[in-house]
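Following: one structure in structure tokens, then a few remarks.
Chains here go by letter, A, B, C and D, matching the order in which they are written, and residues are numbered from 1 within each.
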Amino acid sequence: MSAGTPRVGVVTFPGSLDDRDALRAAALMGGDGVPLWHADRDLRGVDAVILPGGFSYGDYLRTGALARFAPIMDEIRAFADRGGPVVGICNGFQILCEAGLLPGALIRNRQLRFVCRFVDVRVETSLSPLTEGLVPGEVLRIPVKHGEGQFTAPPHDLARIEGEALVTFRYCGPGGELDDEYNVNGSADSIAGIRNPQGNVTGLMPHPEHAVDPDVGSTGGQPLFASLLAYALARV
Amino acid sequence: SAHGSAGPGMKYRFRVVVSLKPGLLDPQGKAIEGSLPAMGWTNASNVRVGKYVELVVDAETEAAAVSQVDEMARRLLSNPVIESYRIVASAPDLRFEDVP
Amino acid sequence: SAHGSAGPGMKYRFRVVVSLKPGLLDPQGKAIEGSLPAMGWTNASNVRVGKYVELVVDAETEAAAVSQVDEMARRLLSNPVIESYRIVASAPDLRFEDVP
Amino acid sequence: MKVDQPLHRALGLTDGELGRIRATLGRDPNRTELAMFAAMWSEHCSYKSSKVHLRTLPTEGPQVLVGPGQDAGAVDIGESLAAVFKMESHSHPSAVEPYQGAATGVGGIVRDIVSMGARPVALLDALRFGPLIEERNRVLFTGVVAGIGGYGNCIGVPTVGGEIRFAEPHSANPTVNVMCVGVAPADRLMTGNEVRVGSMLLLIGAATGRDGIGGVSVLASRTIEDQAGDARPSVQIGDPFAGKLLIETCLELVEGGLLLGLQDLGGAGLTCAASETAARAGLGVELDLDAVPLREAGLEPFEILTSESQERMLAVVDPSRLDEAQGVCEKWGLTSAVVGTLVDGGRLVVRVGGAVVADVPARSLVDEGPVYERRIERPAGRHEILEDDPTFAPVDTDPRDAFLAVLSSPNVASKRWAFEQYDQLVQGSTVAPPGIDAAVIRIEGTLRALALSCDGNGRFGHLDPYLGAAHAVAEAARNVAVMGATPLAITNCMNFGNPERPAVMWEFAESIRGMGDACRRLGTPVTGGNVSFYNESGASAIWPTPIVGMLGLIEDYRLLVRPGFPGPGFLVYLLGETFPELGGSEFAQVVLRSVSGHPPALDLAREASLHQMLVEAARGDLLASAHDCSDGGLAVALAESAFAGDTGFAVSLPGDEPWYVALFSESASRAVVSVAPEKAESVEALASAHHVPLSRLGETGGPGMVFDSLLETTVEKARSAYEGAIPKLLAG
């Protein structure tokens, strides 16, 4: 491992599906992809952690409800407390919410159907491991694929999330405009992703790892991975 | 419809429980049960997960309300092929909190 | 674990009902409500969908069993951010059918 | 099922079949043995009515690594890799419980692929329902689509293609066919030929319960009566999470070289898996039912032996690797148990508590089942249907109305509502997602890609089963060829009514004949498939529904050709010729309300040269776009290319046929291509070199769709008709 190459850990839970894709994306963008196993208590010295998409434990009971009890989650919590960058994608986002590392919750899509589609998302803040290098207002094309991605939170929590500018991404139109027709799952305030107040933990429903290789879709995920790698490197 | 025309009657609250027929595999229950020991609970078993529906029906008599909810549970809330349902009727305007 | 070591005690059956906190949007409930008129039911309202979990816990006293199920319901079966739960405890070996 | 009849009949065995069993055993079978034979000799497992016809299909070719007979076929795709693929029907369970029926169908076909040692990389689904104006059909359609997504999405295999058609005969009997494709190193395919005496049978995965008991003989070999009642006990609940763990476990076992063989447990459950494993190796097997992990107490031996509980696999392990193998199962949180041992002598001996409860020759279950030459009879009244050809009916519809009507016919209209519910992207290899002619999946670590398409045409098959099946093969091959892929081989699913009716058997025989001829001529052998009979209720059978799953190969996916017009200024050509052939066309049904006449003729030589030209053109990077011309004819092909590229066109119609023939005839062996002006000469030269008729229609560009003076509309307007049709119907 060259000193300049950040190690990006990707956790595999039983039922994780996009773990290989996240590892591939991290490598493609110039990082070292490091597979992590849910039952281990060892983060293998990684500089950043990704909780990947999928259906951990089948998403039975509630999405992410069972995964958050995995042994490795204690290590990830500690890693996050030390300021380490933690990113949850789709199911990973749901796990972070269940684990209380992020506010709010994700419920069945408004239309009650799984949706796989390329959508536009607007960057809302540069205070997150995924958006550090980015300018708020920037629009990225990234696919979503989920059945339970509707972000929700009790009114006072939602007010706090907005008040403290914890929203990192919103579903939007091609020009960045917000409108219900672009709100692919009916999320509160079109929220597609949020961060913690410290700014080192972030989760999003869209799949940047599926938007880094032009041969298989869009490239809207490239700047996010670039940001994550830089963010991790700065803390190595 | 007949139901629709049931004038301004009483409001009856209902709870319907829909669960997989016994003998059928319950993947959710199985997955929960499987993960309990790791959380330190080794003494729980027979976990089954079902659906729970609350609703309010406007009808002239409780009997009318019950028979309508029964039809709804059979035709809409459950799939008789794999699921069975149970109705928990409650007296007019009784607050749910009062029913176990 | 502490629970695990609870020797060969009694079997207690439980039912836990988990429902979305009032005021939170319930997509399933909304969808059901939306489909009712088309089926001829214009007099049903306030449809809310929740979860229903049955399980058996092995413990020495009912109190011990209840407090364990309460912890399970709080930490695992429900998500306190958006859901609330209610436990329907039942006496040893009581068949569910006997509970409303 | 009547109670007063003898057990063997209640189990679906005829008196003659019982006689056969007596002869084989030299005694009366006991209940357990009877159940085993009933399951293994059911239509579903034994193919007793279809065998004699299936034998006539071409199954060989240099590309074929594994032909019919194994859990799935396999073809050579270069770089010492094999593509493993298979299609299967789950129509009967889906008619009873659409979500779970479809979900467990996906689980089953995926395990067929895994049992060959291959990682599943793609799913496709071919579906048939009654018209969406009926509520029950909407319930079935939405339930089946949700079920396919519910399982496929949860196991991380992308669903990248398929097809959906709607026709009245499928109202009572929907058709649900699912295809899975996997990839494995060619030298690592699990064909079970290393199995030897002393090898152990390791049952991996879910505990065994009373799932689908008699499902094989009751669900698959009996017609479903309208009340779901009869079939209820046989409906199963899928557990995709367990399915995903099973995939990872089996692949880790295979990659670790820990297995001698691998079998999925499908129809006839443990009986089938154990007897097939033994029979293939020419050995016998000792089964110990006490070792089988059960989900509920008190299962009878015959229940354990025929249970179709999902998410189970049977691995064959050498004793020296047993601990390692069970370690892998444990790592993934799966139970595993040694339930049997391979022995000399060829008998399948089943023990409970040490006592023998069944003792039969393994081969008698697998290879010595009955084979029937069912009576075949061309149904009466066909002449009238064929002669009543809509091609020559008077047409007074406005061309523009007809165009929009055909575009918004559910058969032609966009299936986005369905495939947006499928994860098309997981595994990161989907070069071409659903929505175009064929799906394209790249092979990790290479520039190669697989092009996949499912096809079948109900109306053609109804009017002429021979032509219907041949067209299905031709269209599937065309769908991959237009994208630049060489058609390699097919799998299929043959969906028909009751084979005991001579008219149905005629349809089946004709379809097999048509499929065979087309596959021979197009060089795409049949590597496997599935037959689903008894798709009828009362007197109404489904239309003959042969579904073809085509696998094509692209050496360099960067040269892939897409159907969308890439922008303004490209020349638009029609490859192939349009004949007055409206019989069985979408236009005839939607506008003339007629499903009659002769389906389009099919000249397989012309078809083959079109494919060769398209593949060569792609290799030479000559085409800006290419799209096959099928349902809805030239008009729909042009429209779909416009939608896909968000670019309009202005064309004039070739030939001097009436406008509705030129626009909507579904003549075979055609494609619409667009070409950069500087490449026009080369394309024209290539066409004539391959004797492919070619006519220049016009140019791409602008927001409009202009058919010279005949009709004009905008891409936007046409698109909303095309995209909006199915969602509108579902809104009720």
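A few points about this structure:
By our rule, a residue touches a chain if its C-beta (ideal position, glycine included) is under 8 Å from a C-beta of that chain, and two chains touch if they have at least 3 such contacts.
Everything numeric in this text was worked out from a predicted model, so none of it was measured.
If you compare B-D with A-D, the chain pair joined by more contacting C-beta pairs is A-D. Centroids of chain B and chain D (each the mean of its C-alpha atoms) stand 38 Å apart. With each centre defined as the average position of its C-alpha atoms, the distance from chain A to chain D rounds to 36 Å. Centre-to-centre spacing of chain A and chain C amounts to 31 Å, using the average Cα coordinate of each chain. Between the CA-based centres of chain B and chain C the separation comes to 11 Å, rounded to the whole angstrom.
Looking at chain D, one finds that residues 239-242, 333 touch two or more other chains.
Listed for chain A are residues 57-58, 60-61, 66, 69, each touching two or more other chains. Residue positions 51, 76 of chain C are each in touch with at least two other chains.
Shown are all chain pairs that touch, namely A-B, A-C, A-D, B-C, B-D. Listed in rising order, the residues of chain B touching chain C in the complex are 1-4, 6, 13, 17-19, 29, 32, 36-37, 39-59, 68, 72, 75-77, 88, 99-100. Contact residues of chain D toward chain B in the complex are 96-97, 100, 206, 209-211, 228, 231-232, 235-242, 295-296, 309-310, 333. Interface residues of chain A, counted against chain B in their complex, comprise 57-58, 60-61, 66, 69-71. Those residues of chain B lying in contact with chain A across their complex are 27-28, 31-32, 35, 38-39, 49. Of all residues in chain B, only 20, 23-27, 30-31, 34, 79-82 touch chain D in the complex they form.
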